[in-house]
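Shared between the two complexes below is chain A, which pairs with chain B and chain C, respectively.
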Partner chain A sequence: MAKKYLDNADMARAISRVDGRAKVMGAAKYAAEVQLPDLTYAVLVESSIGQGTITSLDTKKAEWAPGVISVISHLNTPGVPEYKLENQDVIQKQLRVFDDANIYFNGQPIAVVIADTLERAQYGASLVKATYKKENHLTNLESNLSRAAVPKKAKADPKGFTSDFIRGKAGAYKDAAVQVEEEYIQPSEVHHPMELHSIIANWEAADKLTLVDKTQGSQQTAASISKSFQLPVENVKVLATYVGGAFGSALRVWPHEIVAILAAKKVQKPVKLVLSRNQMSYMVGYRPHTLQKVALGASKDGKLVGISHESYGKTSMYEEFTENVLQMTRMMYDVPNIDTKYRIVPLNVSTPAPMRGPGEATGSFALECAMDELSYKLNIDPVELRLINYAAEDPDKKMAWSSNYLKECYRLGAEKIGWNKRKAEAGTVQDGEWKVGYGVATGTFGAFRSAATVKATYKADGSLLLQSAIADIGPGTATAMTAIAAENLGIPPEKIVFQLGNSTFPKAPMQGGSNSLATVGSATVAVCTNLKVELAKLAAQQKSGWNNAVPDHVKISGADLVNSDETSAKVSLASLFSQSGQLEMVISGSAAQGDEKNKYSFYSYSVHFIEAHVHELTGVVRIKNAVSVVDCGTVVSPKTARSQLMGGIVGGIGMALMEEAVIDDRTGRTVNASFGDYHVPVNADIPQMEMLFVNERDEHLNPMGSKGLGEVVIIGVAPAVANAVYNATGIRVRHLPITPDKLI
Partner chain B sequence: MIENKSQEEQGIKGNSRRDFLKKSSVITAIALTPAAAVKASDLKLDERFSDALEQQSLSIEINGQQHELKVEPRLTLLDLLRERLKLTGTKKGCDQGQCGACTVHIDGVRTNSCLTLAIMHDGAKITTIEGLSNGTRLHPMQEAFIKHDGFQCGYCTPGQIMSAVACINEGHANSETEIREFMSGNICRCGAYANIVNAIQEVKAGGKI
Partner chain C sequence: MNNFQYTRVKSPATAITELSKNPAAKLLAGGTNLIDLMKYGVMSPDKLVDINRLEFSDIKRGQGTLHIGSMVRNSVAAADATVLEYQPLLSQAMLAGASAQLRNKASMGGNLLQRTRCPYFYDITADCNKRAPGTGCSALEGFNRMHAIFGASSSCIAVNPSDMNVALVALDAVVQVSGPKGNRSIMMADFHRLPGTHPELDSTLDKKEIITGIVIPDNAFAKHTTYLKVRDRASYAFALISVAAALEMDGSTIKDLRLAMGGVAHKPWRLTEAENFLKGKTASVANFKLAAELAMKGAKSYGHNDFKLKLAPNSIIQALKTASGVKA
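Let's look at the complex of A and B:
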């Protein structure tokens, strides 16, 4: 049988990134790089306490400094109209910018200085002095577990993912022959996309606002801002043509964006505000520090009897943040008895945000490490243990999977990494001064789609322009859409331009939760189909053989429109355009979710295999090889998909080995708020890896046969690394990151 | 190489520094006279003085084009490029010399432009990503980054490419391990490292630079 899966070699044949040229030439304009006349610069002043109130704010020196145009604080803010409204959302309550003198976390914006140059704004900001009435702050999760609370969200939605859940019998693991009961800690982890969060705010009229902004959703930012400033949504235009990474940090409007808009209102000029790398650590979210208690029980032959799983994550004092830590536990394995509990602990910190593989990445670390621990207790191979407990249907929703090629993922990955080299007894393989081990873990993330529209402008010169409001934070959305349209229509990719990141373009969801391809891809297929129907209608006026043309059989071939059912019916595109009397055809296509989610359970899957070498004296961990296999349905754009998977593995290695945002509980301040102190993987940390795709269609989610990719690629990487380190050393690290001090 | 240059060639000009001290002492004299000081302060005179006097001359060649500029001493080379000259291809990723996104070539040597002041480079020749291609014809390293997909979001890419070109020119691209080590000053949060290494190896093997 011919090989269906895609491996590293297949990428060479795929189309390259359509925005690649602009990116390698430095011509791609990110948010802070768009030029506007009379641009001014804003720099934030932050609180230096973790809890209390501002008693005085001296802004005089800053106001007198050369070039400073204005200083804004709670004393003179133009105000955010939404803050005065009744009936605000009490669960998703945002930090109210400059609304009063209250301080909720160390690093909270308390003032902004606007000047004619960046240097003058920076200097001005250094001159603002605040005094405070300081109160005790709480920043430590483990010592404040007594404050853990059921989320308000759970009370509002008792069937939601944050509510207490029981399937079968609670605590059933206690009756099982073999048990694992452990605690796992995921520290706070910061997104740190390479582009600093940036915004240019420009009031074009008293009720008309244009923002050039780093956001994962141009229309969602426009909607949120229009609500905050009580403007008609069509009066707020948001541009996010290029976004330099985000990983979840740009899924919502943050305080600095509100500040820039207030500042632009005050100075009546466009204002640019760029966060510093330090501010990126605590102003735009982070994966929350989470403690998990997991207990597994199994029979001696490896069949799971029960799982109990509790999660305690931190949130801010003013806003509730929850994420889907426990979902994977509910659906991953065929287990009769499951109970889960989700709690949050409000602390004097800024609000967390979803970070790549939100919730699931944290949950899979605990679940998949516990499965590994169980495999050693049972003396069953960890891959075999997972196959024994493979769920043939979704045990959570009691539904059939839309598609599930997990077994193929395990088989392919084990073969490629050479799993047979792994020794069942930990700490027994040595290579010089290095201890060698292999680990495996599974990831999964729900696949879904929402509603979108794509507009097409097809011109007589054969070029096709497609437009959608979707943002592209890096995965290559325009490239994938171009590939879809090229395949569907028969137009060469270089004749297609896909424009995005503009709130005035047709409706699209945020780029998050792995739904861009499924959603906007479906709308792209729809608009291509509509275009072919229109072209066929015109053709039918010229020739027979077009009256009942099936869109799937109609293609553009060079300068002609062809119908594979009626090969003699070919007509020239030029004749169709002249017949229509137009130089271009403008047409839209929309797609939305149907009732598929009532029939099937939709998930993407990843299986990660890691070979780790641990230095016996220093405890340094080197990843020697990584093989990841993903079931994300059909791969539309192999080259960019492979890079997305590669990025997920690299992110997971960072999560496993180095990333931890540390707060000094004495001051409540993040102490490693820079790339010098907060370590992320660099080139020397990352080996050549093998990225594989099962590439089997999912027949039920969308016309492309695709599921989602961006999230699932990081989920399961960290536990695979932790399991490999255990196999190498016999040391089980349950508190990420696995730094050398924990291994010596 | 910078270390082989005289102070003059490096742009640290003695007379500029003296000028600045002299001008500063004028301001100090004004400030020491109580009545005058109050008045000067009210009119922001000292600030206006320093504003006018602290602008230093800078003669710098960027991508083959000569620029004669007046800049504040505190202006970094990165902010000169991005904010004054609108050459935004060079990226600000940390402003602390820790990420490499702002890498440019100063007289052929790769440098973090955020960590160096513009006035330190009087007389220097700077190459940024905008100056790497020959018009619309891409540099082989730019072509290789596209072919091997050495990026996703593209924000670190100009810095990676400038660093990659220098890495080969320095003779630090002789093996995969060596490339990984000498490219570790450029962070890519999208994690395209393995593709970046492939791109550099291909360009090195092609011998075009």
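Let's look at the complex of A and C:
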């Protein structure tokens, strides 16, 4: 039987990233690179205390400094109209920029200096001096667990993943023959995309605003800003043509964006504000430091009896941040008894944000390490243990899976990594000075779809322009959409341009939660179908054989429109355009979710296998091999999908081995805010990797047969590494990251 | 960044005159550290004296010595055939440091003078005796994972971050400097200071002096050298612990050796007692362990860096194993 899965060798025939050349050649302009006439530059001044109030703010020196145009603070802000409104959302309450003298975290923006050059603005910012009435701040999660609270969100949504939950009997693991009960800690991690968060705010009229902004949702940013500044939404235009990574950090409007808009209002000129790399550590969210308590109970033959899982994550003092840490625990394994508790701990820190694999990346670290610990106690192979507890349907929703090829993921990954080389007893394989171990872990993330529209402009020269407001933060959305349109219509990819990242383009969701392909791809299929219907209508006026043309059987072939049901019914496209009297055809297509969510449970899956070598004397960990297998339905764009998976593995290795945002609890300041001190993997940390896709169609989510990919690729990598390190050394590290000091 | 003046000099004498005229002037070589520090507001020189045009860019053999000019770029020295032949340890250490881009820019003299990477030194809102004398040391009871275990004081527990310096102190290098009073030589072991009560001073170089070159005496270590750098990621990270080991072997006997450690002190840390112990002894893991124990005498940790008390001796043993080829 021919293989159906996709591996590295299948990538050669896939289409390449359509904007790859522009990005590599520097032709792609990111927000910070855009220049406007009369552009001015804004630099933030930050608080140096963690809690209290500003008692005085000396801005005189800054105002007198050369080139400085204005200094704005709570003393003279033009104000954000939304702050004066009643009935604001108390859960998703933004930090109110310059609204009063209150300080909630160290690093909070307290003023902004606007000057004619960046350097002069930076110098001006260094001259602003604040004095404070300091109060005690709290930043340490572990020592403030007594402040843990049930999120308000949970009260509003009792069936959600942040509400206390019991299936069967709570604490049932205690009755089981074999038990694991442990605590797992994952520190705060920072998104740190390569591109710094940047915005240019330009008031084109008193009620008309254009933003060039790093955002994962051009229309969502426009909507949020229009609400904040009480403008008609059509008067706020947001451009995010290129976004150099985000990983969740650009899913919402942050204080610096509000600051830039206020500044532009004040100076009556366009204002550019680019965060520094250090500011990226605390101005635009992070994966929150989370402590988890997990208890598993199983019978001696490996069947899970009960899981108890609690999560304590930090949030800011002014805003509630929650994520689905416990979702995977509720649906992953066939277990009759589950109880979960989700708590948040408000501290003097900025608000966290979803970070790639939000919730599940955290939850899977605890759950999948605990499963590994259980496998040793049971003396059952960890892959086998997962197969024993495989859930044939969603035990949480009590629904059939839309598709689930987890078993194939385990089988294929085990074969490719050489799982049979793994020894069941930890710390027993040595290669020279290195201890060798293998680990496995699973990831899962819900597969979603929402509503979108794509507009097509098909020109007489055979070129096709497609437009959608969707952002492309790196996964290759334009490439995947081009692939979909090319296959659907028969137009070669090089004749298709997919424009995105513009709020005036047709409706699209945010790029987040792995739903872009399912959502915008469906709209792309719809617009292609509509275009073929229109072309067939024109053809029917010329020739017979087109009256009942089935869109799926109609294709553009070179200069002709062909109908595979009526091979003689070929018409030239030129004749169709001349007949219509138009040089171009403009048409839209929309798609939205149906009632599929009521019939099936939708998830993507990943299984990660890691071979880790740990140096016996220095504790240095080297990942020697990584094999990941993903079930994301049909792979629409193999090359960019492979890159997504590669990035997920790299991110997961970083999470496992080095990422940790450290706060000095005495001051509440981030200690390792720079890129030199906050470690992410470099090339030398990354092994040869094998990226595999099951590539089996999901029949229920969308016409392409795809499921989401971007999030699930990182989920489960960190526990796979931790499990491999344990297999190599016999040392179980339950507090990430796994640095050399923990292994000597 | 504060405003500053800039001048480019064409002779060492002019550079010295500039430094003599203006105590707040700083020499600008590769700039890989100084410019960062200026951007962070840690250093605010009134004037930058650009010495990139000075002719200290030769690598040459002398009478039983190797001479490397102070303006030779780290990447050039690390790849130089003479350096590789006579002092491979130096090349290994330099290649373990920074990134290719930084090494292309960084000079030998600048690397000697690179400042600590203590995060509190970089954060201008934090107390730091090195940056702002008399304010206190935030690292003492703060996040001190990267900090010293030898030779620290209650004023400062920062470490010298350079890899190159560790190799140079092991190799008995001499730093050649020129100043208003003429030329002088400073032994590498005396070039960097311990913090004591004046952590603001990293070295014994006078403010009016300029480094012209580095001289390394010939040795018989070329066949048995190792620079081991233990760090949190495989490249572009400062050492948790580094060890420079250079051995002269006579069969299984260690005829002569040099040992130094990085990431442990305010200066590159020479392990003289361990050297004396191993000299003339058989190369064996048992002896390496005893030497590592001797090397750790007087070590003191500060909380987050407690692990260095174990990682340091382990690293010494590993470096000696690699350099000697001894496995047991």
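Convention: the second predicted complex is superposed on the first by the 744 of 744 C-alpha atoms of A that agree within 3 Å, B and C clash if a C-alpha of one lies under 4 Å from a C-alpha of the other, contacts with A are read in each partner's own complex, and residues count from 1 in each chain.
Here, a residue touches a chain if its C-beta (ideal position, glycine included) is under 8 Å from a C-beta of that chain, and two chains touch if they have at least 3 such contacts.
Quick caveat, the model's predicted, so the values are computed rather than measured.
*Asks:* One more residue to check, A:574. First (chain B), second (chain C), both or neither?
*Replies:* neither
*Asks:* With both structures fitted on chain A, tell me whether chain B or chain C touches more of chain A's residues.
*Replies:* The partner making contact with more of chain A's residues is B.
*Asks:* Answer with first, second, both or neither: which of chain B and chain C does A:48 touch in the superposed model?
*Replies:* second
*Asks:* According to the stated criteria, A:681 is in contact with first (chain B), second (chain C), both, or neither; which is it?
*Replies:* So A:681 meets both chain B and chain C here.
*Asks:* Could you tell me if A:28 is touching chain B, chain C, both of them or neither one (first, second, both, neither)?
*Replies:* first
*Asks:* With the two complexes superposed on chain A, say which partner A:119 touches: chain B (first), chain C (second), both, or neither.
*Replies:* After superposing on A, A:119 lies in contact with both chain B and chain C.
*Asks:* In the superposed arrangement, does A:649 touch chain B (first), chain C (second), both or neither?
*Replies:* After superposing on A, A:649 lies in contact with chain B but is clear of chain C.
*Asks:* Quick check for you: in the superposed arrangement, does A:669 touch first (chain B), second (chain C), both or neither?
*Replies:* Touch partner of A:669: chain C, not chain B.
*Asks:* List the residues of chain A that touch chain B in one complex and chain C in the other.
*Replies:* Comparing the two interfaces on chain A, one with chain B and one with chain C, the shared residues are 119, 674, 676, 681-685.
*Asks:* Please output the residues of chain A touching chain B within their complex, sorted ascending.
*Replies:* So the residues of chain A in touch with chain B come to 11, 16-17, 19-30, 32-33, 35, 64-67, 117-119, 192-196, 242-245, 247, 274, 276-277, 473-476, 639-640, 642-644, 646-651, 674-676, 680-689.
*Asks:* Give every residue of chain B touching chain A within the complex, in rising order.
*Replies:* Contacts found on chain B: 41, 44, 47-48, 50-51, 72, 74-75, 79, 82-83, 86-96, 98-99, 101, 128-130, 133, 138, 142, 145-147, 149, 151-158, 161, 176, 179-181, 183-197.
*Asks:* In the complex of these two chains, what residues of chain C are touching chain A?
*Replies:* Contact set of chain C toward chain A: 1-3, 41, 117, 119-120, 122-123, 125-126, 138, 141-143, 145, 228, 230, 232-237, 240-241, 307, 310-311, 314-315, 317-318, 321.
*Asks:* For the complex, which residues does chain A have touching chain C?
*Replies:* 48, 119, 122-123, 126, 433, 615, 617-620, 622, 657-658, 662, 664, 666-667, 669, 671-672, 674, 676-677, 679, 681-685, 739-741, 744
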